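Here chain A shows up in two complexes: once beside chain B, once beside chain C.
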Partner chain A sequence: MTLLKREEWQDFVRDVDWTLSYVDEEAAFPEWFSGTGKVPREAWLKWEEDYKVSYQEYVYTQREKETSTYAVKAALSRSTTFDHLDEGWKSSTKMHFGGVAQVEYTAVLAELKMARFGLNGAWRNMATFGQLDELRHNALTTYFGHEFVVKDPQYDWTQKAYTTNDWVPISLRTLFDGIMTTSNVVDCALQVPLAFETGFTNLQFVALSADALESGDINFANMISSIQTDEARHSQQGVATLEILVEHDPVRAQWVIDKGFWGSARAFAALTGPSMDYYTPVEHRKQSYREFMEEWIVDQFVRTIEDYGLKKPWFWDEFMRGLDTWHHSLHMGMWWWRPTLWWKPKAGVSKDERDWLREKYPNWETVYGDKWDVIIDNINNNNVEATLPETLPYLCSTCHLPCCNPTQSRDGSWRIRNKSLSYSGRTYHFCSNGCRQIWWKDRDNVNHQTLVDRFLAGAIQPMTVEGILGYMGMTPEVMGDDPDYTAWTKDYVGREATGLVQVGGAS
Partner chain B sequence: MSAPARKPRKLRTFSAFGDVRKMPSEYEIVTHAQNWNTRAGRLSAFEQNPSSPMNLWFLTYREHSPLQVDDWDGFRDPDQISYRSYVHLQADEQTKLDGMLDSYGEAGAADALTPEQVTRLGALFTPSRYLVHGMQLVEAYIGYMGPSSYITSAAGYANADFLRRVTMTAYRTRELQLAHPDSGIGTQERGLWEQHPAWQPAREAIERALVAYDFGEAFTALNLVLGPTLDDLLIRQLGEASKANGDELTWLLCDVLAEDSNRRNRWSGALATHCLTSRPENEAPLRKWIDRWSARADAAVEALAPLLGAPTADVVAGAQAAREKFHAGLFQTAAEAV
Partner chain C sequence: MSEPQLVPLNAIFSTDFVEILVPVTTANTMDEVAAAVAHHSEGRRVRALPYPKVVVHNGRALPGDLTVGDAGIQPLDHVAVEYDTTGASS
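Presenting the complex of A and B:
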């Protein structure tokens, strides 16, 4: 082949900006979308991605990846692996398919927005590859999840989850509409490719891939590790944008990244934390959620932002303390409100599992042990009814997750504290100081009804648990339940019971 | 409450498809109702303050667009392009294209071009990368605003096809620059695009299309009018003129690019037909926008025609005929279906 090398001609592909004269620059690149802010327009001329790619390289590489990913899928579709997978692991995959597939599609929208409103031709071109990548991730996740619909109707939520008003999709739509679809392109590049993709997706993709292999789910591992190989390409939009923003407006850069990090951390505590520390069988766990966060998120993230002269976020201590509580509380809450889930949350608190939790989280027993003991004793006394929800929890007005983060008092006790603020004659509740601070700064934009607000406003009828489940789109054959109560309660059979609860009344 | 009752019901595919007799295709499975901001029963497009800037933007330019259909998810791309089929298709096409560039490069075809053809390419072909980049941006916007994931995905692939065309144009620009360093190719394009009178109506058209923020108008402006009209000049007529002037490579490359344009026309035509058959009132806004943008498209072709070196009237008539044939097809299909 005597084709010209990419380096010889690529500048012509990248150099496609011109000076508009028939319409105003501000009309074609409105501040709402382009968000240049204090950065002079000409500063974006320097925008440059480190790792260049051409269209032909893209389609050649991606064809190979697609061929191999689908070949593995086709080969495995004849195996009986799925039928022998642990229910806990299957729940991790159901949660992933339903929780992630359409977030990938929302990422398509984020990339299309940058492909239109990005402030440099090379940036817009890179975003075009980005939207293709996200179309791939959406298609793979959807198609792989679809395969199991015939075996288990909970996989129907691969497509259905985000079409409903279930509390999980409400929370995640709030986050991803905020950082992906409705942010201006500069904030979007910092929050999505930088804070979210170079950081948090590692957590879901690398960690879950390792757990999938351990659990024997080669097909799932094959899918998500192939998806992860695309991230390096389009996620470079983050650093290339940060380099320019930080030079002209470091305060904004700091705030936007901090906010993206915080929102992602809350979501992943709900999405990945329970999968890693409870659903994955204990013998297959590679690392605890906390260990994985420390290695893949904390170290890498801090290194990245410090390289650009930024500081640790203002909420750093609260976030680090939360690594010992957020996902444990969310796990307990999700297990309690299990009829609202499209997977089967396993409690995962047998004696062996508790030993593991205590080893990884020295405070676990103090904070959570007694609550689980009450639940265990009620189940062992044939009182499962008492462990089902009768009402709704407080939901945070920022992350829309339950307000359930305990913090330690000076006397050593752990309590969930009321973090609220009054605004325009209303009291808003928050799960944490971080969420409260973000809401206050962005209140005009983010102020909308939580599920509880909707309930109290009468939008959910009838005002019963059944009414709530109906509003959430939950149907009886999908509603989550513990897959095996005996598995984690049998160790405690015969002990003296504490805290037996009478259904519909006080204990 | 009582423990959840379990009554398993066998599903064959996603319940979103309803009680289907025929299994949906892979394309449908991965494309159907994927964009949550278009879901039924939403209070606002986005899960945030109903009067947030972006909720108002989508309310104004999508939910209140004059182009309205009850069932946007009823639209299908006739080519059923999904990611997997897209990269397979375009990697195969790219193999052909690389083969052509390689063979003609080795044969020194660029050196052998007539001065007249070098001038034609430098005036009409190489500067077109700015115009095509503008089309790439409008297509991205159509995808971003799309009222159904079937539309967003189709526009996403079309957005990538425009990048493909810019990429091929860039490659050829460099090749021609190396063969004809004194021709101005490779250095004069931006100047021609911004200043040369022949390019100004085209530049005006695409700049105005960038700010046509109504979803229906953006789609009509680019996919139903500017694309089909300008592609007739910049792909079909340029290809033919090149062949007549001994430039086989340009002719072949134009043929390859025509495949992308034709595919875009097929789904855009199908979408327009879907709009017309679902709601006949859509004809009025479509006709209004087609008239508005046809005048701009014709002005662009008329100004560019001399660069092709053919009689202006013929060039304009050819491009108009291509567009009108496309439109007649879709209005007629709709009329027959109603």
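Presenting the complex of A and C:
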């Protein structure tokens, strides 16, 4: 018997749906999970993905991808490539493995939710492929990171990081529980496949892949490129869902996308910004974080939402200004609180590196140069102890990242300006106006306490730096430190230094 | 007289890059609060300058001998510590 061609049968099967008779619609697709809101149930009949895939094609393609990814890995595992990678680059991979591997499993749950509660059969099919994708990403990323545990215990956090109470994973859990775990499927499709995957995963997977190749890490580039080809397919759920929502409830569509974009922008400023502009060796950087954001995220995102009649988010100016500051401040914060990290953050502020930063970010020296100079002078005066933390950074109640976004006043000076609000007799602090506004609108749906909240509530004992590190799950063999202080301080040895603190055995 | 109460603050020192958590008590004076905040930044990330320091709360610079309790500073309030350069020769 001759098989039918795909186009001859796919229209009949891709959106097969049930005619319910034993239960009513609300029992099968409860509003709190399916989230149709103002959209009439029948409107979802028009849901359609652009790029259609059958199960047979899916399995065939995925098998090919898996075979080639593991073939490259097997070939490279016999080489000494890893041993010759720069420590800064290795830190980019440790950060990626710990920050991404188990998030992929949370994405499995998000896709499964859409595969069950999506309001159209075609959507549920696409989400079924999506959950298989995410399971593959979880397995790939965990396995690739696991290979290096024998060489460096920090890679153990590939599997461990996401379930610890380290401040970085708490911040990630806050974001992903908000957009993946607790959202209804309509909001989930707009925030995960649309805002997060269509836009931001390009940043981690395309940009970092380019830097990986330049840095000689073919294995890592191979892994994340393979993952990105899946994202391009299952992220279609976003636009297909937006098309219908925007017709019936554009205000909701705008708010949900704006919120997903903002949360993603904050997380990637922490995860990808330092990797691109500090950890990757300067000679191997393809683009600055800002350049990549403008080319791959800003233009594409604005085009997508304007195509559907939506506007730029209300926070757009604050976000664009933040491209010059957010990740630089977060880099300084992560370096300062380096014992709380499972990687070795390199400061990356030698004279050559600063030349590059000044070229890419004309205000960099004005905003950050003075602070790094004091740090450098302390190190060159045998005073490293003065550069170690003795308290916590204040963490934003929305994104859980440090409150460290400077803004420029009319007189030209750059300062951190406090952004707070009072609610139910308590004061909450935020890193930005965007985070404050989102918290206020979502205040009944806040799902995690910041590390500072936990500390003040007495959940962390003893209330010391050691107690905090223990609470985070940090152990001495994993605790982060700069991999090579000399590399970025030697250019400044011998210069006159005033106004330093004297701590411990400093001379 | 009641026991001093713990007052955790959100604080920023001068031109530093990040707000930090600084615990003080209702009995601490503003000079002591300024020193507690400066301890984490001055000479570490912000170059120390030879000027007195002043605590700014709700836009008001507070006298150095005023206590946290008398100033009405509440737990989780924000304070900024600035160098007071008004007496500096130009």
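The criterion applied here is as follows: the second predicted complex is superposed on the first by the 495 of 507 C-alpha atoms of A that agree within 3 Å, B and C clash if a C-alpha of one lies under 4 Å from a C-alpha of the other, contacts with A are read in each partner's own complex, and residues count from 1 in each chain.
Operating definition for what follows: a residue touches a chain if its C-beta (ideal position, glycine included) is under 8 Å from a C-beta of that chain, and two chains touch if they have at least 3 such contacts.
The shown structure was predicted, so the numbers you read here are calculated from the model rather than taken from an experiment.
In the superposition on chain A, contact is made by A:L456 with chain C only, not with chain B.
Looking at the shared chain after the overlay, A:T498 reaches chain C, while chain B stays out of its contact range. Contacts of A:E390 after superposition on the shared chain: both chain B and chain C are touched. In the superposition on chain A, A:V282 makes contact with neither chain B nor chain C. Shared-chain residue A:L109: touches chain B; no touch with chain C.
Between chain B and chain C, the partner in contact with more residues of chain A is B.
Touch criterion met: A:G178 reaches chain B, while chain C stays clear of it. Once the two complexes are laid over each other on the shared chain, residue contacts for A:H429 go to chain C alone; chain B is not touched. When the two complexes are overlaid on their common chain A, residue A:V206 makes contact with neither chain B nor chain C. Chain A residues in contact with chain B (one complex) as well as with chain C (other complex) are 389-390. The part of chain B that touches chain A in the complex is made up of residues 1-16, 26, 29-37, 39-40, 46-50, 52-55, 57, 82-84, 86-88, 90-91, 94, 97-98, 101-102, 105-106, 129-130, 133, 136-138, 140-141, 143-144, 149, 152-153, 155-157, 159-160, 163-164, 166-167, 169-171, 173-175, 178, 186, 190, 193-194, 203-204, 207-208, 210-211. On the chain A side of its complex with chain C, the touching residues are 329, 332-333, 336, 367-368, 370-371, 373-375, 378, 386-387, 389-394, 402-404, 406, 413-416, 418, 420, 426-429, 452, 455-456, 498-502. Listed in rising order, the residues of chain A touching chain B in the complex are 1-4, 8-13, 15-16, 18-23, 27-28, 32, 54-56, 59-60, 62-63, 66, 70, 101-102, 105-106, 108-109, 112-113, 115-116, 121, 124-125, 127-129, 131-132, 135-136, 138-140, 142-143, 146, 149-150, 153, 156, 158-160, 162-163, 169-170, 173-174, 177-178, 181-182, 339, 384-385, 388-390, 444-448, 465-466, 476-477, 479-481.
Residue ranges of chain C in contact with chain A, taken from their complex: 8, 10-12, 15-22, 39-40, 42-49, 74-78, 80.
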